[in-house]
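Right, one structure below, let's go through it.
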Amino acid sequence: MLEVKGLVAGYAGSEVLHGIDLEVNEGEGVIVLGPNGHGKSTLLRAVTGLLSPRAGQVLLDGKDITRWRPDAIAAAGLVHIPQGDLLFPEMTVTENLLMGAYHGPTWSERSARLGRVYELFPWLKERGGQLARTLSGGERRMLALGRGLMSKAKLLLIDEPSLGLAPLTTQQIYASIHKVKESGLSLLIADENANHVAGLADRVYLLETGSLVRQGPADELLRDKALLESYLG
Amino acid sequence: MSTQFVQAVWGGILFGSVYGLMALGLTLVWGAVRLLNLAHGAIFVVGSYVAFFVVSKLNLPILVALPIGVLAAAAFAYLMHLIFIRPVIGKPGFDNSTLIATVGISIAVSAAAILIFNPEYKVIPPIISGNFTLSDVQITKQGLLVIGTSLALFALVYLFLTYTRRGMAIRAVSQQQEAASLMAIPVVRTYGMVIAISGALAGLAGVLLSPFFFLNPNSGFNPMIQALIVTIFGGLGSVRGALVAGFVLGIFESFVEVYYGVAWAQPGVFLLIILMLIVRPNGLFGIGEVRRL
Amino acid sequence: MAGDSFTRREVTRRSVLVGGAGAIGGLVVGGLAGSALAPKSAGTGAGSRGSIKVVGIFPIGGVIASDGKEMQNGVQMAVDEINARGGLIGYHLDYVVIDDKDSSTDQITTAFNRAVSVEKADVIFSGYHLASGPEFDIVANAGTLYYNVNTQIAWVNRYKGNPSKYWGIFQCDPTESWYGQGFAYWVDGALNAGLLNSKVKTYSIISGKSAYGTVIATGFQTQIKQLGWTELSNDGVSEGSVPAWGPVLSRVKQAKPTVLFTSDFSPADDAAMAKEWAASPTKTLVYQQYGPSVPEYLTLAGPAANGIVWATVLGLLPDKIGNDFRARYKAKFGAEPGWANAGGCYDEVNVWAAGVAMSGDPKNYKAVAKATESVIWRGTTGSISFVDHTGVQFPAQTADASVGQPHIIVQIQDGVQKVVSPTPFTSGTFVLPSWMR
Amino acid sequence: MSAQAAGAVGVSRPQLDQAAAPWRRPSIWAIGGGLAAGIVLPLLLVRIDIGTYLITLLILFFVQAVVAQSWNLIMGYGGIYSFAQVALFAVGGWTSGVLVHSLGWNPFLAILISPLVAVVAALGIGLPTLRLRGVYVVLLTLAFHELARVFAVTGPRFISGGGYGLVTVQTFQFGDAIGDQRTIYLYYLAGLIFAIATFVIWRVIHSPLGVAMTALRDSETYAVSRGINQFRVRLVLFAISAFFTGLAGGYSTHYNGGISTTIFDFPRIIDLLAMIVIGGWGTFGGPILGAGIVIGLNQYLVALGDYQTLILGLALAGIAVFAPQGLWPLIRRLYENYLAPEPLAPAVEVSPAAPRDTTEEL
């Protein structure tokens, strides 16, 4: 479904990604594992158009979306839940969620989706009228996830789902992601902790200093503790 | 009630509505696009001249000219967005470039207006004429219309921003542009929409106010400066702030004029603003850098 | 970081030189090209004896552009008429216009330097400049001729201080000091004659905050105080930015003076004020400055203008000469002339032409100036003759209408401008405004 | 820390390598050549027909270039949107005007006081203003401009001259020199002011203070976190800028023989802004180039009347959006391609192209 070919990207003055090849198939859960600062976020940003790649191609269902604007990419079904959540701070929880469903659906469909997200995160319903900026870290993450789920995503890209969260919250978050995966959505998750993603992953890529150094089925790679140890420290 | 008091109150409410009407468009654009639109006065002038043209050259009634003027102002603002704003969206230096570009547009518009319509003052007929007096104070019906329109527009804009999908999208874009684009909200098109709405508001203000102030190529300048003051006083990007600040400053100014003389009004307003900025550096409802709209 | 900043310095050291060279290059090229491509006189051609270089300097592109255009039209018309008659004693007039924009000191300096050293003017004509002053020394040093309608007492003082230096400069109208003064005399007289339906000598001032507005308001204030009147209120407004007159006028209405003197000269402000006043007036005579003389004032103010009084020391008279001029002006430019600058500038060209004709040689500037001193020219603004190289005001300065320019007081009656003073230039009589009866 | 904080504004920085300092390394020939050309130019110009007028244009250029450079120093480099520039020019102009006009001072002495008073005024504006952010600075400086205008028009007579400003101030006298000779002397005086201002501004831009202000402009968060005192940097810049603006104002008054209240009219601000934008916002040579272009074009386009303003407005908007660095980079490129003896390091005069806040990017 998603195909990335020879992607090169970076920021003013420095190249971060040096030619990434990656693919995600329908219904698959793909994990990009790598230590901090090796280009996981940059990869997701380049794929969803927040950063324009210097070379390479991003294909969605065979269509070249490399130079598309982020909103067009999102409308096409690649929905990115970024690091740091990026909520709309002066909007209520409900409004944040509704914004997730900006593209496409009618109001009735939106409320149906809202119902589904509330099922997944019942807690969000109670806080519906609260401003997003008043939420705690874990609550923010859940809201960000929920907002992503409001969209008509084909593939959800999640950047470091557990970054900066307490262990208990982390567990909750991954449990919810599991449910999402079970509903049949494709996932591309960037993470630095192999343990968290064990049950989610079908395939794993290992990213080191801007290059993918290994890839393979999750069962195989994630069991190789020595390998993981050497990459992730 | 004394004549002076009635005059001060009436003048204050009228000034306040006028300031608010101009400030609403300015604050909307700042809030959503982060654009200090110094061409707001020029757009005001474009709307007024188009309405003037429709009334005096095409001999159509003012009620026809009003929507045409408003649409022309919106179209002009959108055109400005396409040519001068859109190319720099998201680029570094956006603030500088657009600030200067809007200054350039505003002097170009007034030069064009001189070339087309010559520098003489023009007059646009009021939508409703006539007036009555209330304890010796002249209350014009057009003035009441301006007050009503201004309040209604504030309510409309508020409802639009709070309850509609596009309105919420405008707030989303203004608060977290990156997240908005990840939610498939078309950021650039939303900017264009806000600028066009703001242009329509400026055009409407132009057509409504020209019967009072008359129309010349620079007649948008003073209302814009007043609006800028109001916007800053109320807190840039705050719709509620623009409304409250418009009335606070309008009434303050009116009372100073009536009881202390016009000469003190302007220094008084500046003094008030400096004091306010010391106490609340982000304006009355100013919400700093992140909290907008 | 350190290395970085060193290359930075290295680079910009060169930039210094290129910058300087580039800028001076641009300037010189621009300047040369400018002088080469400057507006050339419309009809270049020589009369039987040659041509005279006539330069007009007006604020055409700035804040007082609409006045500037009237000045330019007035001079243009006079020059065209002279050329159409076959030139001036055999010379063709070669006319060039220079714009001094806002006519601030530096713009005046540049424009006049250009007139004397690039255009090599035989004579320079102007209306007024907001910052008149710097041009006199430029003209005096160049030893050329300069005619204007600056309306400034400062000129008289300057001339008196050094008449041998400023021999070639003529202010072809009375000074602004007569403005407030003349109206103060008139209103005092009207009150004493019982024309104002009041015996109380009180006044209020709403002055424009611009230079012009301030000067005129102060002039009136000084004079009317000397006549024993009492000031009830005094306010200053910024011209062109009065949002609503209600609060401003409410102070005047509270004070109920016999006369309200306004020096806000913006026609739009004046019209808006007249409208606000007409809605709920008190028994006060309203004087406005300049605004009502602009043709569009009557359109803007409508019936609210009736009863308003205004005045000018440089007035296009409503008599045969003035009305003929109005008709020709309208035919030529497609618009009514205002009451002051078009006529004043038209007249000054003819005054100079009379001087040339008397002296016989347009290039002998001293002789032309000498002759001008004794010219008496009955123009569109009255009789122009010179005392201290300045026009003479009638009736206060001279009682002889044949050597003075009348300071006309005008009242709007039924949408028509009527000159109500001084006789014999009147076209109507003062009528107590409806709200004062 | 105390040793590091010894810099003018408490910037942490390495010691300057004096040997590498630019003022030791400029080509004496190049600068000397420029100065010599500047000195000889008027002597040649007076020999041609319209030469005297060209000299007066050059004087105008010197004055305007000083004001534009000073403004660019705070707006282009410092990122302070001050619109008080014309007002500060007026403060300088009025100061020496009043000293000469009312107290009978010698103009040459009086213009030395102008910059000082302008600096005091700048500090007065700066203290309440410079702690605020962008648009608030625009408003408050415009307010100062407006109040200065009102005061100049309606103030006491020795200041307002009855409303028109001081229009009869004594001009510079150079012995008995008159005519062309006097114009040449005036030229040298203006040229001297221009040269000093240019040199000082160049030094400031490339000093630690300059580095600090560029850092503040390009990434305020980062600069502040590195211990740069934003307020002090801005205040110092503002004062330097006001100094030369005031000096130019003083010169202008005694060159023109007066200063009028129309100086406050909006088109004057636009003209100066155009110089900076057209030449190159936040570049060293930009405002100088811009002053030359705007003054030159003003002469050239004089026949166009209102079309001139139309073109100016559109040019301003177009350049701001499509060539935010103005024409300066173009000149640089030409120089590099055809004239530079050796390849130059890449341009560092970034200005608008610098990220607003680099921390956001990473």
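For clarity, chains are labelled A, B, C and D in written order, and residue numbers in each chain start from 1.
Everything that follows uses one rule, which is that a contact is a pair of C-beta atoms (placed from the backbone, for glycine too) under 8 Å apart; a residue touches a chain by one contact, two chains touch by 3 or more.
This is a predicted model, so every value here is computed, not measured.
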- Remotest chain, subunit D as reference, centres from CA atoms: A
- Task: Please state which pair of chains has more C-beta contact pairs than any other pair.
- Result: C-D
- Round to the nearest whole Å and give the separation of the Cα centres of subunit C and subunit D. 34
- Centroid spacing, where centroids are CA-atom means, of subunit A and subunit C in whole angstrom: 73
- Item | Where subunit B and subunit D are represented by their mean Cα positions, the distance between them in whole Å | 33
- Note on the structure: subunit A residues touching 2+ other chains are none
- Message: Touching at least two other chains at once: which residues of subunit D meet that condition?
- Response: 150, 267, 306, 308-309, 355
- Query: For subunit B, which residues are shared contacts with two or more other chains?
  - Reply: 114, 266
- Which subunit C residues qualify as touching subunit B in the complex? 65-66, 206, 209, 233-238, 240-244, 246-248, 250-251, 253-254, 267-268, 271-272, 276, 279-280, 295-296, 299-300
- Item | Interfacial residue positions of subunit B with respect to subunit D in the complex | 30, 36, 83-85, 87-88, 92-112, 114-115, 221, 225, 228-229, 232, 236, 266-267, 270, 273-274, 277-278, 281
- Where on subunit C is subunit D touching in the complex? 1-2, 4-35, 37-39, 60-63, 98-99, 101-106, 108-110, 113-114, 117-118, 130-134, 137, 141, 154, 158, 209-215, 218, 236
- Item | In the complex with subunit B, residue positions of subunit A that touch it | 48-50, 69-72, 74-75, 79-82, 86-91, 95, 98-100, 102-104, 133, 147, 151
- Task: In the complex, go through subunit D and note every residue touching subunit B.
- Result: 81, 128, 131-132, 134-136, 138-140, 142-143, 146-147, 150, 266-267, 270, 273, 277, 281, 306-310, 312-318, 320-322, 324, 351-356
